[in-house]
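Right after this note come the structures.
Common to both upcoming complexes is chain A, partnered first by chain B, then by chain C.
Our next item is the complex of A and B:
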């Protein structure tokens, strides 16, 4: 059930798991939108597995800011009125395109005076390995 | 007694967990660990006193450090002011053998961590640099390991006769307790912990797939 106010939230509760779209097509489209693909469409680490491998990478990346966008989307699915104050991420390993990933979130702090909730966020690949972790601080109506 | 020997709080540059939230998490999720050691990156936290939290939550909270060497990262348990003066904890290229020697000199125990990891793990460097002298213990279970990093650590530790510890390497609250180290006797202080490590009286435990 979507969270509408701070009193709906409990310490330790898990947000519904979220499966981000990590297809190469979506990652490449996003990279193009933010200007990371040249106008001539040259292949690079965001739109081509082959180009990424030539750079010594395991495959094309999903842009980090797209992954952050997925984190925000997940939080808003859980609590639509949440005002996101901060998303603080540590990128441990790349999110490789065309590999299934999932995002988990859990509530790890509730500041009732400030109306703030802290959420641990973890992006894992299909082997359960952490690629990105971080925390979000969100404000919910009292 | 089970202790998570490798955790980071907001005192580390990439740590996002408050110590009190670790305690709340352990208790609210009924994690099987009895406490943890804060091993902040490239520093030792002489100031913080976690004894009120330890008492409030009935947990053991100890402090260590994670320093960096040419062989990768190394946990140090039993840091004293004397040891802290022997080398620069903030330096990322401390010689491992010096860290081991100085730790022993000051009654501390150094433990190379995530040794199976590329770049920052000891076994990634032994082919080029040789097997360092003085290593007795390595971390064989690390909560942040990817691919076969733990297996590389286990296989090499067995080959070289090292004992193995476990720690979550948690940087956020919900990752604590993924790996730990079991001791047959109670550990209440850092001196107890160092003594148990030096006695080889422990075993690494992996809870990563118990979520």
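Our next item is the complex of A and C:
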């Protein structure tokens, strides 16, 4: 059930798991949007597995800031009125395009005076390997 | 003076010279179509990020992480002897950003610190891009952390 106010949230509760769209097509479209693809469409680590492998990488990457965006979208699906005050991410290993990933989140603190909720977030691949850690501070209506 | 103290001296000197000193300023022209596409690709489902006619329309909070200044580091910033890698990103939202609008991004070194592991010292540099409206309202911060891993 979507969270509408602070009192709906319980310490230690887990957010519904989120499966981000980590297809190469989406990663490449995003990279193009933020200017990481040359105007001539040249292949690079964000739009081509082959180009990434030529750089010695296991495959094309999903841009880190797209993964950061997934974390925030997940929070908004869990609590639609949530205002994101801070989000911090540590890119431990690349998120490889066309590999299924999932995001989990858990509430680690509730500040009832400030109306703030702290959430730990983790992006893992289909082998259960952690790719990204994140923490977010969000404000919910009292 | 021990080796560690000597190593820390270079960090102290860099902090004194560079922390908090603005080294870049860039103007960004934000359009609704751009932030809406950004939100869509991130999987956002809330109408306030997707419909420019929504009364609370705004850019998704992490959008500012996609904006970069003309320079990442100030001129003369030390290399600290190692290859630099992306160590993470952080965003702080202070006010909703409502396109269309212009933002001014001002960059400074926000922090320099070290961690020492088995493979040697790692130097972390946090570059902060502060975003202001044309009226001077501070709306967001975007931090980029780079780590230089020195050979032990």
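We adopt the following convention: the second predicted complex is superposed on the first by the 142 of 142 C-alpha atoms of A that agree within 3 Å, B and C clash if a C-alpha of one lies under 4 Å from a C-alpha of the other, contacts with A are read in each partner's own complex, and residues count from 1 in each chain.
Here, contacts are C-beta pairs under 8 Å (C-beta built on N, C-alpha and C of every residue); 3 or more make two chains touch, one makes a residue touch a chain.
What you are looking at is a predicted structure, and each value in this text was computed from that prediction instead of being measured.
Peer 1: Just to be sure I read the superposition right, which of the two partners does A:80 touch: chain B = first, chain C = second, or both, or neither?
Peer 2: Touch partner of A:80: chain C, not chain B.
Peer 1: Determine, under the contact definition given at the top, whether A:54 touches first (chain B), second (chain C), both, or neither.
Peer 2: The answer is neither, since A:54 touches no partner chain.
Peer 1: Looking at A:88, would you say it contacts chain B, chain C, both, or neither? Reply first, second, both or neither.
Peer 2: A:88 sits against chain B and chain C alike.
Peer 1: Touch check for A:66: first (chain B), second (chain C), both, or neither?
Peer 2: The second partner, chain C, only.
Peer 1: For A:108, decide between first (touching chain B), second (touching chain C), both and neither.
Peer 2: first
Peer 1: Could you look at A:38 and tell me whether it touches chain B, chain C, both or neither (first, second, both, neither)?
Peer 2: A:38: touches no partner chain.
Peer 1: Touch check for A:120: first (chain B), second (chain C), both, or neither?
Peer 2: So A:120 only meets chain B here.
Peer 1: If you count the residues of chain A that each partner touches, which comes out higher, chain B or chain C?
Peer 2: C
Peer 1: Show me the chain A residues, by the header's touch rule, that chain B contacts in one structure and chain C contacts in the other.
Peer 2: Common interface on chain A, chain B vs chain C: 88, 90.
Peer 1: So in the complex, the part of chain B that touches chain A is made up of which residues?
Peer 2: 14, 16-18, 21, 24-25, 28-29, 144, 146-147, 171-175, 208-209
Peer 1: Can you list the chain A residues touching chain B in their complex?
Peer 2: 11-12, 88, 90, 92-93, 106, 108-109, 118, 120-122, 127-130, 133-135
Peer 1: Report the residues of chain C in contact with chain A in the complex, numbered from low to high.
Peer 2: It comes out as residues 34, 37-39, 41-46, 49, 60-62, 65-66, 86-93, 143.
Peer 1: Chain C touches which residues of chain A in the complex?
Peer 2: By the definition above, chain A touches chain C via 18, 20-21, 26, 29-30, 33-34, 64-66, 68-70, 72-74, 76-77, 80, 83-91.
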